[in-house]
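Below you'll find a set of structures to go through.
In what follows, chain A forms one complex with chain B and a second complex with chain C.
After this line comes the complex of A and B, so read on.
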């Protein structure tokens, strides 16, 4: 029984140990620094709604785009053993399409927002399948394949609207990017929850999770077992495309403004980091979606902590880098192995000493 | 579905542009160096413009349009353009223009440093260099003239306006642009002096690297920390919008009759409309129209009396702003 519990603990929690420890450390650090960091309050916003407010809300709200992208990125990483670095640029394209459709007629209704979102999804999926085709069919390294869209994506986003920073203002957009009247939880958080449930349902009712893992672990073995590896890889990029559209739409809705150059800038790096911090192998294979989601919150919590500490603007990235280096090194297989060996040696030594002691007695 | 053909059009044009670029690259490699002197005597004046991409901001969009309309073939120019936010890509583009043999090189640099080598090469090749919008950290002899907005003056005007408001105290949230850019340095300087002299109190000073969403997070973190503030000084309109979104969510009033003074820069039309509605207080104008001045200098052929030519700037107070101002000075749509 004990062995079994240990096994379960090792297999499921083992991977999540790093992100969970990271969150715990950040919480302890903030508790020591300033317990007020965790205060959550209800305030009336300028639209007259009661809304939740506080650093924790800022963290889970602010990490929404990252969390959604990290989910898709996990799938691509697992299936292809590489990462998509074009998600930020693709999100700018999706966001531009969203704004284009929103501005294509007078008056922004719920129906138009839905149409705009579906259009953004479609376009993002097309770009996703472009990346996917390069990776799955032409067998190009994912990072190289997606480098193309990474380079030209924001230019394409610019072509869509022509002008810089077009704005859209509507109560519907405010409801999506900020708060729905009567609901005190930020809408982006609800969207992340919805996306998580969607993924869980997808894994529950299809063999996608199993197939993805087998393709990632050993592609040829998977193919011999009748799995269409090309399709699975392509599919992972198309699903990431949906995530990109969702993240881009959240980003645009937050302020009712699209700036192609800055929308979700550098988020691809954070998304890949979230996957890595989540304990997923960047070489593909087994994965845990929850790890990546927690990873996203770790990154956001780190940023908000640094903001709360009023770390000087020029230093933020350096501090962030230090923490992330430590996390990634601790999570690396080499470190785990060395650490495990050391623990074993200490344990053996102690056992040896005890046996010796017993002999003497 | 109606949108699909249009999208295909975009993809097709992308392919077209890429292939044209490829051809242009190989073509120029073959003909480099030879015919640049011949072109100078007759034919259009070749102008290479290295600029930030028009998508950077409403300012840049107006700036790029201004360049394209003034340096048109109708005015006797042959215009080549390269747009990038990254300094190294800009440097490469400038190198390319020098190799291709332009007559004039116009530069708005992403960063103030790293331009020595390229400008020296341009001088050796007999290419006259004009800087516009942004200064570069090089010796004055390396360029003909710099037509710039005095960003420092822009910051000073804004800070002077702020002091004229006679607030009982100044607790300022200062949201900076990309660190090291000329706009950031100029807009930060005057405010830093106030912080140093103690007339204004720095609640927080953070860079959002022109990112609206990041600006919102910075203001959120101040609100969450419970520190009091009554001024938001954002170094462009987008970041001011992000900051205001955080205020709105926290139920803090802002603008002409509000608790917090909101200041932005660039004078986008949508931002000026916020001013007109009384939701913001101040917007600094940074004139994007330098092409005419440079064109006049090129055509006159004479060196300007001073290397640094200051483009005229404006600042708008929400209380004095009119719709006519928005139509005249507003950028974008």
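After this line comes the complex of A and C, so read on.
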């Protein structure tokens, strides 16, 4: 039994150890700092709904866009051995398209919201396949390939709404950005859960996971086993496109407006970081989606903790960097090996002592 | 203790989790001696070498260099003690010049004395009679010359002990002879050489002594001239080789007379000239020729692995188009690639995933094999092919070469191919597994599967194939069958005599 638990821990939890420990430490740290930090309360909001409130809720809620993007980023990383740095800019495009369609007629109905979202998805997928084509067919390094959209994405977003930052106000949009009446959990959190389930279903009912990992680990062997490596890489970018559209739509709904300059600004770096903190190799290959999701929450919890400690928003980035350096060093193979050796030595010493003790007895 | 002892290993132990990789192993190397280290995969050869070169640390034992107790904790320590290694795949930089490669990483100062290096390199190359120029780009040299440059680099670093790990596995006969000449030259200068190889003939050609390991234990040290080849093999695998003899007795296999399964006319790819080829149901044939003769490129063209140029292909008499691997797979063709590491295994994936991957591709993207089903498949083939692995979830990269090869074989067998192409399935793997693979090929043929078998070892092909297609310089220069299937005739055809 013990062996079995060990095995499970080693195989699936091993990779998640670092992000889970990081979360645990952050929780403990916050509890010591302020025992009431994680108190969750049920309060009535402006619309008269009973909703959950508290720091924990705002952490989980605030990380939603990041978590969604991290999922797609994991897939791109695994298949292509590189990252997409244009997700923030692409989300601004998707958000602009969403608003454009929402504003194209009078009155915002549920049907129009759906149409707007599908349109945003389509556009994001097209930009995703642009990136994917550069990477999969022209074999350009992902970071260089996506640098193009990173550079011009927010300009394209600017054009879509003619340079304006239009606002959209509608109960449907508010519901997506904050709470659905009658449900105390923030809607973005529900969207993350839905996306996670969607990915799991995708892995369950297609060979996406196996093929993506094969392509990432050994593209040549994957090709000789009949896997269409170009298609798998392209697909990973298209799926990331969907994630971009979802994240962009959440961002727009939260604020009720599209600001092409600030929407999800700099989120690409956090998304890549979430993948790395989740124990996934940025060189591609084996991946764990749950790792990246937890990684996203680690980053958000860190940010909120720092804000709660009254660290000014300009300083937050520096403090964040310190914690992240520690996390990635601990997660590095070099550290793991050294650490493993030390643990073994201590264990052997202890066993040796115990044996000696037994002999004496 | 002998006078001219260069290197002594005494009572070396090395544990890996769950495996005793080396158990109380002794090894002695004398001055001016070529000493072959032999054993099957998993015998402990690599582990021993890695301990000697400071890659692994040993758990127990002592290492003496010229009688002095030394500690080797890192590759740097090994080098300081005069122990140099040239690995199977050379670890030099092909985009630098020969001279730069010989001196890279050895500059004491940041200033690179290019002229001085080139002069020194030229001297060494000349004294060792290596056919390369100092200013030539290394990547333009043949593999053999690259290997010799690696050796020259080691020699110049005042090495006393030179370890050659499978140096000949990608060389042709002429190149091997060049290498042997260099080895003998070094030997006469008093260098002790540890020679690891799978080619038995080469051991007998060049070595003075043989140390045999089996399952991490020392079997013994022998003078090469006193140990007949058959006995060496017996000591390596721990049993007599009756089976091997039995196999070679079945030489009079009649050429298969079933219907033609695959037929190509004027087939060409980006890597081959147009050629004709056909194979019948249940036939085993082979491509032979020197390295670079185009034998691998030809089978790659059949499988659609390279960009297809032209030609017509018929399978069971029907015209088909094969432009990429998946097309070939859909028509029942399987292909085990020559380079196992680069084109075969997916190292980080588990044994189970590696076994099912080809079948999964055939099933299609939207029909994933369920976990329980894939576990059943994996277990079935781990058992059937006797794959030695800790579990089916072990990453395949952690297995020994022979077992990795079996995993890839399992991958293709699982797809139940009508036609299986095996390019060098026995390269770099132990004698026992080689035999198992040869038997498997014959068994498949009995089950009406067509097999194309390529091997650098001609005896192996003679033992299994009923028809040999001989290639030279990218042309098919002959086809041998029946009574022509003997070593002399094959050699003659390859070399370009009357055929």
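Criterion: the second predicted complex is superposed on the first by the 339 of 361 C-alpha atoms of A that agree within 3 Å, B and C clash if a C-alpha of one lies under 4 Å from a C-alpha of the other, contacts with A are read in each partner's own complex, and residues count from 1 in each chain.
Simple rule for what comes next: contacts are C-beta pairs under 8 Å (C-beta built on N, C-alpha and C of every residue); 3 or more make two chains touch, one makes a residue touch a chain.
Quick caveat, the model's predicted, so the values are computed rather than measured.
Undergrad: Give one word, clash or fit, describing how chain B and chain C relate on chain A after superposing.
TA: With chain A as the common anchor, chain B and chain C both fit in the superposed model.
Undergrad: Just chain B (first), just chain C (second), both, or neither: which does A:314 touch?
TA: first
Undergrad: Vertex at chain A, arms to chain B and chain C: angle between C-alpha centres to the nearest 10°?
TA: Approximately 130 degrees at the chain A centre.
Undergrad: Now for A:155: first (chain B), second (chain C), both, or neither, which partner does it touch?
TA: In the superposed model, A:155 contacts chain B only, not chain C.
Undergrad: On the superposed three-chain arrangement, identify whether chain B or chain C touches more chain A residues.
TA: Comparing chain B with chain C, the partner touching more chain A residues is B.
Undergrad: Where does A:207 make contact in the superposed view: on chain B (first), on chain C (second), on both, or on neither?
TA: second
Undergrad: Contacts for A:45 in the overlay, against chain B (first) and chain C (second): which applies, first, second, both or neither?
TA: First partner only.
Undergrad: Of the two partner chains, chain B (first) and chain C (second), which one does A:167 touch, if any: first, second, both, or neither?
TA: first
Undergrad: Rounded to a whole Å, what is the shortest Cα gap between chain B and chain C in the overlaid structures?
TA: 28 Å.
Undergrad: Check chain A for residues that touch chain B in one structure and chain C in the other, and list them.
TA: In the superposed arrangement, which is not itself an observed complex, chain A uses no residue for both chain B and chain C.
Undergrad: Show which residues of chain A lie in contact with chain B when the two form their complex.
TA: It comes out as residues 36-37, 39, 43-47, 51, 53-55, 58, 62, 101, 119, 123, 126, 152, 154-160, 163-167, 178-179, 251, 254-255, 257, 259-265, 303-304, 307-308, 310, 312-314, 316.
Undergrad: Write out the stretch or stretches of chain A touching chain C in their complex.
TA: Contacts found on chain A: 11, 204-208, 210-211, 213-214, 217-218, 220-228, 285-286.
Undergrad: Inside the complex, what are the residues of chain C that reach chain A?
TA: Per the touch definition, chain C meets chain A at residues 303, 305, 324-326, 329, 335, 337, 342-349, 353, 357-358, 360-368, 393, 411.
Undergrad: Help me check something: in the complex, which residues belonging to chain B touch chain A?
TA: So the residues of chain B touching chain A come out as 3, 7, 10, 13-14, 53-58, 60-61, 85, 176, 179, 204-207, 209-213, 216-218, 220-221, 223-226, 237-238, 241-242, 245, 247-253, 268, 270, 332-333.
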